Amino acid sequence: MNTKIITFGEVIMRLSPPGNRTMKQSHEMEFFFGGTELNVASSLATMGCDVRHISSVSNDFVGEAAVSFIKSFGIDTTFITKNDHPLGLYFLEVGSSVRASRIAYNRLNGSFAHIPSGQIDWKKALEGCKYFHWTGISPGISESVYNNLKEGLEIARQMGIEVTTDPAYRSNLWKYGKKGKDILKELVSYSTIFIGGVNEINELLGTQFSSDKEGFIAASKELKQQIPSIDKVFDKIRIGVTASDQQTQGRSVIKGQYFETTILEINPVVDRIGTGDAFAAGLIYGLLNFDDEKALKFANAACAIKHTILGDINYCSVEDILEVMNGNSGGRIKR
Amino acid sequence: MNTKIITFGEVIMRLSPPGNRTMKQSHEMEFFFGGTELNVASSLATMGCDVRHISSVSNDFVGEAAVSFIKSFGIDTTFITKNDHPLGLYFLEVGSSVRASRIAYNRLNGSFAHIPSGQIDWKKALEGCKYFHWTGISPGISESVYNNLKEGLEIARQMGIEVTTDPAYRSNLWKYGKKGKDILKELVSYSTIFIGGVNEINELLGTQFSSDKEGFIAASKELKQQIPSIDKVFDKIRIGVTASDQQTQGRSVIKGQYFETTILEINPVVDRIGTGDAFAAGLIYGLLNFDDEKALKFANAACAIKHTILGDINYCSVEDILEVMNGNSGGRIKR
Amino acid sequence: MNTKIITFGEVIMRLSPPGNRTMKQSHEMEFFFGGTELNVASSLATMGCDVRHISSVSNDFVGEAAVSFIKSFGIDTTFITKNDHPLGLYFLEVGSSVRASRIAYNRLNGSFAHIPSGQIDWKKALEGCKYFHWTGISPGISESVYNNLKEGLEIARQMGIEVTTDPAYRSNLWKYGKKGKDILKELVSYSTIFIGGVNEINELLGTQFSSDKEGFIAASKELKQQIPSIDKVFDKIRIGVTASDQQTQGRSVIKGQYFETTILEINPVVDRIGTGDAFAAGLIYGLLNFDDEKALKFANAACAIKHTILGDINYCSVEDILEVMNGNSGGRIKR
Amino acid sequence: MNTKIITFGEVIMRLSPPGNRTMKQSHEMEFFFGGTELNVASSLATMGCDVRHISSVSNDFVGEAAVSFIKSFGIDTTFITKNDHPLGLYFLEVGSSVRASRIAYNRLNGSFAHIPSGQIDWKKALEGCKYFHWTGISPGISESVYNNLKEGLEIARQMGIEVTTDPAYRSNLWKYGKKGKDILKELVSYSTIFIGGVNEINELLGTQFSSDKEGFIAASKELKQQIPSIDKVFDKIRIGVTASDQQTQGRSVIKGQYFETTILEINPVVDRIGTGDAFAAGLIYGLLNFDDEKALKFANAACAIKHTILGDINYCSVEDILEVMNGNSGGRIKR
Amino acid sequence: MNTKIITFGEVIMRLSPPGNRTMKQSHEMEFFFGGTELNVASSLATMGCDVRHISSVSNDFVGEAAVSFIKSFGIDTTFITKNDHPLGLYFLEVGSSVRASRIAYNRLNGSFAHIPSGQIDWKKALEGCKYFHWTGISPGISESVYNNLKEGLEIARQMGIEVTTDPAYRSNLWKYGKKGKDILKELVSYSTIFIGGVNEINELLGTQFSSDKEGFIAASKELKQQIPSIDKVFDKIRIGVTASDQQTQGRSVIKGQYFETTILEINPVVDRIGTGDAFAAGLIYGLLNFDDEKALKFANAACAIKHTILGDINYCSVEDILEVMNGNSGGRIKR
Amino acid sequence: MNTKIITFGEVIMRLSPPGNRTMKQSHEMEFFFGGTELNVASSLATMGCDVRHISSVSNDFVGEAAVSFIKSFGIDTTFITKNDHPLGLYFLEVGSSVRASRIAYNRLNGSFAHIPSGQIDWKKALEGCKYFHWTGISPGISESVYNNLKEGLEIARQMGIEVTTDPAYRSNLWKYGKKGKDILKELVSYSTIFIGGVNEINELLGTQFSSDKEGFIAASKELKQQIPSIDKVFDKIRIGVTASDQQTQGRSVIKGQYFETTILEINPVVDRIGTGDAFAAGLIYGLLNFDDEKALKFANAACAIKHTILGDINYCSVEDILEVMNGNSGGRIKR
């Protein structure tokens, strides 16, 4: 249990009216701490991995509560700093069936956005680390986040650390003047494992591959062509029937070989947020413990079971995920 | 935004144990203000219409809270009076799957039932109004409600206002000595747009048309025959698979022409109450802004999405409804 | 209302985080009193039967609250004693879809486990009784429970009382040194109505019948062969699609004749616990009021509707159950 | 514990926003069943007495839940009937400190108000009864309630049953045409124990005695003079400093002898409603078990401790009340 | 109802763990909309005044919910604009007794801070207005807020509108480069009624008057000297014994004459936030309806009763406040 | 931050109906993890100390949640083992004013009671430790707990570690056959700092000293005489006015010198449980950072402020406690 994994990213608070209520119908909100990279970290720590999360939180009781939450997973918080800006947050109205969920953000002036450039002693932070995980959210938040991340990636590569990335491009970020797609392409070139599919590749490369199997294989080859550091491409496909009924499938291209998992259905969906992060965490765990195909199947099962967990984070154990992977549909009570 | 719509009807409080609990299992109840005509008013106001609701509430803090709630939609409450009788209310135990929901009423001696005859200055109240909406619930509550409504309808027709009606006959009302079906037929004769189907027509006319397409067309023609003021007939069909799984479809007969929408499925249902009112509101909005067919499709989508909203009232915007109408199933998160 | 039914068994408290939350995500738990035999008792009392429950609870405010709860059904509590051990309890994390529910018990050192041998005046307790119901849980808890139960069964048989049993073997009980299967076989030999299927028979007899219709018929015959007191065998089949979607069916072998009900589907499942007890209660009610086939159909409907009720106990009336039995799927609201 | 006590009165539901919230600030309400005479019944049953409550509730799931609640105390509900009118209820906004609590009623057209005259078989109902308790609320609700009560009192007196009364005059009742004070005087003349003070006597007799000790003694004598059936007068004095800080004291005049208890202070007050009923219940228990002076001290302690219990009903045991009576201020934890 | 009052200020959301919980102990938060000037507006609207609030909120469902809340008071929201920045908010941990409450802000980059300069058509907005109220919070938030406010004040004075101000200096604002005290002094010079005491005067003028009566009189005179537009000075004194026990008193200097009210004690305090705003609203109402001394007494009572109301806003009616002013301590229940 | 403190003791779950509700009035319970020694550990960790807690929890999701909670404070959980017995727990009904709180335990057959003798590698566990804290609860739970504790104390003393003890004797423990007072005396003889007063000394030594200052000084001297390892005696005096109003004071005898703090009053009390543990934690922190007198004052302030925190654990920072110590009564809001 001493494979050290490092994640870097915002700690964000989710605020959501209970159940399927709209905000106008509520006087209280449930809150959860999360953040795409922290979700990966928490899930890995729950599976027994040794994880360190790097971030910057608000210097107030909100930030304190966030750090306390992160510690509850046994995650190392030594490299989480504090500053005088508020913790990022978002509001979520949870949809159902034909009604989509809605999100309103308050993050672009938060404590993570204001993390000072050069603040992190990356050599020390990455010591003993085997995997470093980042996503396309972070560099979209602010220039100083981008600077910190880029520095970390450079040093990680120098240290020979495996770098996983979910480089999704979010158009509602990138307000600080940089071109998101250019920067993502730059940062992906420090990475070895690409967690994304045709959409993400098309966005990065400006290509127009189709979403089907052939398109995915072609896109993956083109990615390898243009960004040779990428060894493996793992994709999660979500088929959203309604807000309450979802299907997930994993597929991969590794050394030109295509592989796909069975489709898993989740109905009803308890919470869709963080399911991609559960996939990434499952994948990293799988790569550390299984072969590539089993890793992908494990990742897909982790993604599926996360849909049944409230909040951003996958609280399931390796054993729970293996059961879903092995087709146990949840119909029995475990006594 | 300046098409004035008038609604007249009871403001009623719903009291319901949380989730699927029975009353015996609960120590608290969620409450919601609603009432079939107020639901139409609130939905129209949420869609940006200029709406006035006319009613009478209790002269206590319950009535105050009700009026405050109505104001929150921007609805004009100038013509809501108060009297010393308690606000009408009902208890709801929410079913699930094979278990039906149950309702227990406490409304027949409430403040709306005791609205004095002749209290409303209808000429002033209807000034600038384009649509007046009423339902078959109101005249079933008390004779003074019937008197007020009849007076309003007479003046509305004199002023050339479009009158929409959902004249459902409820057998658990009509305790004050009048024959419900006769009175409904009388009041429908002041109306121009009939929101109802074969059941409602059969009840009104004492006919026995069948529920299928042909029966609906024949019934609509018979209705036009007997009540010539009716220009358009719009029907909502609900196919209740279980308490948790419902399907909705709209159909219409206008100038002898039949039209029907696609079927929309809602699974799981969050709340079934007020879905007919959402249909009526969607229809009125549609008639004001679209052609008849699109109005019907919009009404059906409004009805469908209301099944995902807790409480009596459809909190969805025009944009939300259009997405459902256009087949967006809710599987995406709106960020 | 004057058919007296006696149940004997633990009163146990269920503690469960709200909704689908895990314990780590919660600061509160909903609690419910139940217990497999008490669930049968409560359901029968709700259906209008005259029921007495025999047990032993903690001599503190927890035990007081439990007794108060039992009284709320009108159940006779005269033979419930108190002792200085804590009330048994269990924690439940409620799963959803592909995630199974989990239970953690704290019952083996509770007040029921410590009920003194010989404490119950069975002759007095069973006076006027027509049905006595027991399950395989009780004798697994402690030796003194076993002693009390065995004494009760002997006297019940002497008094010619009908004895129903759901003799499920639970491997996480039976820690006090006796062999569970031997004892269950011994106790079943005091019983006349067997509520169980191929699994239960195989466990009791050490046989290996298959689960299909033929296997069930053969197993039932073998059971009758080995334990001649058994007049009727009633089985509930649960087809657990996922934790949220379940199907139930009843089947029986009586005097060699096989009968089965239609399959009922419940989606979504509100609560799976106590559905077998609802079946047993429905069966006993049915046997008292209907013929065997209708009794089985009623039992299956009771089992189905219990899936829509939170907690351990089936709060539904005879009328509610008959509606489900008659195919009313719950799509209408009862006003 | 087989002294049978009979109470007759409305079963009423209290609905209250949580904590100190106003209704406008709430989306849910806590509910409690109570009613002044039922509160007395429940408290006596909690203290171990054998109690029967006579009333009429709604014939719906609200009425069922009410009866189930009453049964949970072990109270005999055989003489509670049902009719098709809704259960009476009231809304409560709970004040604090300088802000007073507010109540809005919905009871005058409820199921108790509509209890048919002559419905109760009083001879059977009162069989074996030692105490019959009534209050001035009941006859103010409707003429048929008055008729039933009067008949019960006549028969109770014929049977030599002790009759206790808290004949408070409430001006917001008495809408059915009778003069409240005349009727109360008539009904008090069937009573033997008067639970009330100078205000109540002045109201009944039209006198103007002062509230001080001398006034109370004089008033009690005048009452005995005019209504000779009254043997004992017990009064509770409440000194309401603020909504959160209250003081209680008991005093009595028995055969011309004055007695008063010490003052008990309750700060903070959890719930003021039902404290007078807790006094009455404590008094009846005391008269059955102690001498008159100890009975009054016990009643005052019961009244005091009720201020710390949420809802209408005093859930405290005899032992709990004795501790307060003996000056144990609650500062210790009972393990 | 036709005295128009205008308020200008931020609409801010309060998020607070329930009861006295700390954030680390909570998974949900109660939320309330408020803001110092909106609190004044809401209280005045609750008292029956005709009020318009001017602000800028977020262009998302949070902003929509805020506007809906404001409308529920009947406040005119025509001049509330929207922009793409998030709504300001703050977190509150509620203290008790010796533990102080704590606040963490997230407002300096919110939608109100980003209200564009020159956006408001003040001439139109102020039409028919008699009172304009502002506080020292607003100009501390951003330069564009300052610009808007200053423009409004200039026009208000030109139109002869009475301007009330609570010019409290908050050191955790004023991050945009202006000197807070200078700007406040500038803006106070457009005002006619000063709601503040010795601290506020010392801050504005750089003086060092003492807090006692003499100091207050001298400070008020000095203020009039330096800022001649100020006609009246009204001060609220809060004596905070503990977080749960507070005392309030009002005092004033008008044309050199000193007046003070009695001290009102509130124990326990339900919510301290917004009590100063309740004072300001009470004062404005009082000045419109009573003489100056009664206005001050009314303001002090409004301040006191607000301590018993959860959230930022005083939901009390004129009648409620008059009762406190007249010494009714809340010990009675209003039925 | 590198003074290592070790605590050893049960991790226990508290289950409590919300607010002041009794269990009969509730359907849910709030839960908190605590335990007298863990409370000390958590408070010390919150103050920034480096703490390790040693215990044994259940091998199920309840135990997992407990460990996760402990980790959230940054406490080292390396030496917390798991076994197949359920986690200890207790139920609490929270009193108010004159009503005392009540506790019902379920701990004597829990996972801590079943910690195997000899399981802990004390030499390793105590490495680098400066303070070891234990209480009289632990050895009362089971013989194996006693054995483990005794072994730890022996090694701690060999290693020269400061040993603090709160050796309270609880009569509802000690069911396993040992004489509690003898064992406590034996274990105290391994301790250097005695946190207890006259009661505790009298219990240990069988003496009868009085509770006043003189008695305390004499008792402390006698304790030093009989158990020479004790260097310092620190006592907390609680004056429980009512369940809602408490006063605390600290006093000490060190080298024969008496010292006492001022009295601090807490009204209203939010939670009394864990206030003694907050005292002990404050004392240990104080001894590490201040002189003895300031340590005692700090401990008393920590005890006082804990009364305002829900749950077993003092979530306050050093700064919060210093404010109370310095007489800041909590009347201000910290922004």
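Labels A, B, C, D, E and F are assigned to the chains in the order they are written; within every chain, residues are numbered from 1.
Basically, contacts are C-beta pairs under 8 Å (C-beta built on N, C-alpha and C of every residue); 3 or more make two chains touch, one makes a residue touch a chain.
Since this is a predicted model, take the numbers as computed values, not measurements.
Asks: Where the contacts of subunit A and subunit E overlap, which chains show up?
Replies: Chains that touch both subunit A and subunit E, as defined above, are B, C, D, F.
Asks: Hopping along touching chains only, can you work out the least number of steps from subunit B to subunit E?
Replies: Graph distance in the chain contact network comes out at 1.
Asks: So how far apart, in whole Å, are subunit B and subunit C when each is placed at the average of its C-alpha atoms?
Replies: Using C-alpha averages as centres, the distance is 45 Å.
Asks: Between subunit B and subunit F, what is the gap in Å from one C-alpha centre to the other?
Replies: 62
Asks: Could you say which residues in subunit C touch two or more other chains, in rising order?
Replies: Touching at least two other chains: 22, 24-27, 68, 72, 102, 105, 268.
Asks: Among line, ring, star, complete and other, which one matches the pattern of chain touches?
Replies: Basically all the chains touch each other, so complete.
Asks: Considering the complex alone, what residue numbers of subunit F touch subunit D?
Replies: Its residues touching subunit D are 19-22, 24-25, 95-103, 105, 170, 172, 239-246, 268, 272-273.
Asks: Show which residues of subunit D lie in contact with subunit C when the two form their complex.
Replies: Residue list for subunit D touching subunit C: 68-69, 71-74.
Asks: Per the contact definition, I'd like the list of subunit C residues that touch subunit E in the complex.
Replies: Those residues of subunit C that touch subunit E are 25-27.
Asks: Quick check: in the complex, which residue numbers of subunit C touch subunit F?
Replies: These residues of subunit C touch subunit F: 15, 18, 22-24, 26-32, 58, 60-62, 64-65, 68, 86-87, 89, 91, 93, 102, 104-106, 108-109.
Asks: Any idea which subunit F residues touch subunit E in the complex?
Replies: Spelled out, the residues of subunit F in touch with subunit E are 72, 264, 266-270, 304-305, 307-311, 315-316, 320, 323-324, 328-335.
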